[in-house]
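Some structures are shown below for you to check.
In what comes next, chain A is part of two complexes: it sits with chain B in the first one and with chain C in the second one.
Moving on to the complex of A and B:
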């Protein structure tokens, strides 16, 4: 039992963390058609902001949640500023050049982490209500992982409801499908872009804040975990939130079961699965039928 | 993507009248510079210029893909790193350095053929991501496998003797590095200006039209990817000798970003753009990293400005200034 339940819980928890970050990435791609390397920068920024707002202390859950939420909101605001100042200018560019502009923003964010927090790694303790293990079917599992699963489910449900059952969601889907037509129908496309960028970056910041007790906080955080969410987004299909959820579960579970046997294989398998899926289906599991060719 | 006028095809007459004299002048200038550094530079300056030489070669090889063929690979560090690790693994064999260079080049090229066969059939974005993925897969292997030194990499790589010359001496290594890098650059120059290179530009500008004209686009792209990978392997070999180490960092995906930054900085539309970019980039990062630990912030700002405001880089900017001056002069007379 132990060998199955524990990797299962850990895997789903890791999957949900990846899903939260990746759903932001996939939303930004779906609406703006930009692959955003800077996402990793906002993820790391969320983690550092949560650390600062919590003052690096062990807080009760409610206060930690407030700190995490505040960190994500600050990220969202910074993201919207970045959208207006930078990203707006790159939507019309060729994919590769736009990619490089977002890479530049990633470097800027990574540099600002060093600028504000220095080079010493920091660590954020788990919230006091979630530092203990919970026994599931006789196996002790980390309760913080259950919290991650809960937040992931809430985020997923909320995004699904928002996108499919509200007028705002309809507007967003319209802009994603055809921006020219949406603009001529009176939708403020620029506002939708800024707003969706804010939502996407909010999710990156939230993921970072939730991940802050799990990782050593240093500036390399900006360029490591983002690759996993890239893999999730590509495997799931660029622009598809449901695809991101499925891909996150596949990759998360694969990762956690392999970590139990051989950590080297765990990292490697991520890229192997990504390459395999993209070769068979270049648009990912649930991506659009055809990607714009070069 | 806009095409600067400097990348137009080279005819025999322009070669005789305008290119050859400039190239001869450039070669003499570089030779004088190499000797000047050899005789007058301090050890730290030697180290700096050796790094510049490798970066020039690495960036020019990447630009064969990015600037000339229009393919953004985010995984060229893989071939660079393979070159470095090949040297590292061959240290105990104590081979002739020329043979080691050949092995590194071959290893980089072979790896590129395999990855190219798999990744080149996809679209622009997926290609960038897949090359990144393959590079990172290699990174995670070297990071975890103790046979290649794990996360520390292979340390203590010292260039062996070339016949009677000890390349472990940094003066000798400097001259050797520039000669090898020069040979690599000459190869890339010939490729870039050959009918093959011109076809690559055509594919970059309109792949569908090239395909319809009967050009086997996939094979051309694969050939360009392989050549780029091979020269990246060569640059990696030089890097390992200069740094005395082959570490997983050389394979990390941000290492792949550097030559792209360098190319854009100098101007991707010009053969010597990446070279100019490399000098400016290595100088700037060297100076900045001594002043502040957050140097990467300023690199990011500079890079963003180039991408947004100066798409044809330093060389393109200079060329525009030059044309502006000539036009003014023409108006005055």
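Moving on to the complex of A and C:
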């Protein structure tokens, strides 16, 4: 039982963290068609802001949750400013130039982390009510991992409901499908772009804040989880939130079980799955059937 | 108006002249024109990224040494030392570029290197360019053996020396612990260090056994699968009967303890021994979450009662807001003093002449006078085992409760040649 439950809980928990971050990335790509390299910078910013708002202290869960939420909101606000100042100018550019611009924003964010928090690493303790393991079928599982699974499920459900059952969601999907037609129908495309960029960055910030008790906080955090998140987006299909969820679960569980049963393969699992899926289905599991030629 | 302009110019020129004179008179980094230009030491160390603490702390230690030497009159008749830092970036490519950049600036006396892989790439290039390299931190044995080049010397402990000293300490301190586990990065130094540890432990303890080996990719961010893999292999009584050897550093080591905390990872071992420097940085990060653990590495400020150590601690604390020096700082500090000794012996800062002094050179350090091995240029340094534990009553949240210094036998100073 130990050999199944532990990798299962760990795998799903890490998958949910990847999903939260990757869903923001895939939303931004789905609507604005921009591969946002700065996403990792906002992830790290969320973690540092949560640390600062929590004053680096061990807080009860509710207070930590408020700090995490506030950190994500600040990230969203900064993301919307970045959208207006930088990203809006690159939507019409070739992907290569847009990539360079988003990379520049990443470097600015990383530099800002060093400027405001210095080079010395920081650590945010786990919330006081989630410090220990809980026993599931006789196996101890980290309670914070169970919390991550819960948050991931809530985020996934909320995004699904918003995108498929609300007028705002319909508007977003319309803009994602055809900007010009949406604009001609009276939809404020610029506002949708700014809003969705804010939502995407909010998710990056939330992921960072939730990850802050698990990782050392330093400027390299901007590259932590980002490779995995890009892999999730590619495997799941660019622009597909459901695809991101499925891909995150596949990659998270595969890595967790491989470490338990064949550690030598674990390091390659991410790349093996990516290569396999992209060979068979270049647009990802739930991506569009035909790649845009733009 | 014209009169006023001339007076303003006069005032500006006067201010400039006075400022220039003041700078020339007081700066420790400016060469004495009569004595000659400053002697520049290139420092290639990780100044950014997850191991930035190694380089930044090292830089602080080197600065203390340079300030001490310059304040005491410099070397070679009054010439001053000057540090030229370059970011190693934890990348062999960046390290090689840093070597070339420094060479193009005629900075030919180098020290530093957090990563042995970076040093292994950069040292041969430095040799081609006629530069001297003193490894402050890199500990891999191949640098001293199979890939040794004569322009290289090491003030840092080698894995071989560490592996010799650790079993001696453990047998003395924990004679009843015979079963060991390992968490290590899945890289050259990690495998080499663990294999040497096993080999030396077998020599000293006939009952020595290995329970579980967990090697973690350096790029892994989620360590929980590795932690639970270890936990799954531990017997119920491991907390009183087994030890764990940890060969991680930087973010990986912090993340291991952070992600292992919900599973009470540290309490599942009777002894935690980590073999990496800069544990103070880890403790400063984790504060009261610092696990009760032993750290075996070159230096602890508590371990040595020498005059030089007292002066080093005093100067370092004065320059760094009361923070005592860590291993990284001491290693860079000692590297600067090694160069001072070598340059004085060579009576020149010509790298070829400086390199020629490395074999058998004795130089002062806070740990006492240390000698470089005549063949491998490895410093015969001790290993200091320091016990760290959480301390909620202190401002920093942790304390170093005791330190034990182990000097390896003289035979251990020379690693095997292959």
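One rule holds in what follows: the second predicted complex is superposed on the first by the 287 of 294 C-alpha atoms of A that agree within 3 Å, B and C clash if a C-alpha of one lies under 4 Å from a C-alpha of the other, contacts with A are read in each partner's own complex, and residues count from 1 in each chain.
In this text, a contact is a pair of C-beta atoms (placed from the backbone, for glycine too) under 8 Å apart; a residue touches a chain by one contact, two chains touch by 3 or more.
Remember, predicted model here, so these are calculated numbers, not experimental data.
Overlap between chain B and chain C is detected when the two structures are superposed via chain A.
Of the two partner chains, neither chain B nor chain C is touched by A:70. In the superposition on chain A, contact is made by A:119 with both chain B and chain C.
Legend: residue contacts after superposition of the two complexes on their common chain; A:255 is shown touching chain C, with no touch to chain B.
In the overlay built on the shared chain, the residue A:275 is in contact with chain B alone; chain C does not reach it. Of the two partner chains placed around the shared chain by superposition, chain B and chain C are both touched by A:267. Of the two partner chains placed by superposition, only chain C is touched by A:213; chain B is not. In the superposition on chain A, A:104 contacts chain B only, with no contact to chain C.
In the superposed model, A:86 lies in contact with chain B only, and not with chain C. Touch criterion not met for A:136: it reaches neither chain B nor chain C.
The clashing stretch of chain B relative to chain C, chosen from 7-15, 25-33 or 43-51, is 43-51 in the chain A superposition.
Within chain A, the residues touched by chain B in the first complex and by chain C in the second are 114, 119, 219, 227, 263, 267.
Residues 47-50, 52-53, 56, 186, 214-215, 217, 219-222, 224-226, 228-229, 231-232, 250-251, 254-255, 258-259, 261-264, 281, 284-287, 289 of chain C touch chain A in their complex.
Listing the residues of chain A that touch chain C in their complex gives 2-3, 6-7, 10-11, 13-14, 17, 114, 119-123, 125-126, 130-133, 140, 142-145, 213-216, 218-220, 224-225, 227-228, 255-256, 259-260, 263, 266-267. Of all the residues in chain B, the ones that touch chain A in their complex are 1, 66, 70-72, 74, 118, 122-126, 128-130, 132-134, 136-137, 140-141, 143-145, 207, 252-254, 257, 260-261, 264, 292-301, 303-304, 307-308, 311. Chain A contributes residues 35, 86, 89-90, 94-97, 99-101, 103-112, 114-115, 118-119, 219, 223, 227, 230-231, 234, 238, 263-264, 267-268, 271-272, 274-275, 278-279, 282, 291-294 to its touches with chain B in the complex.
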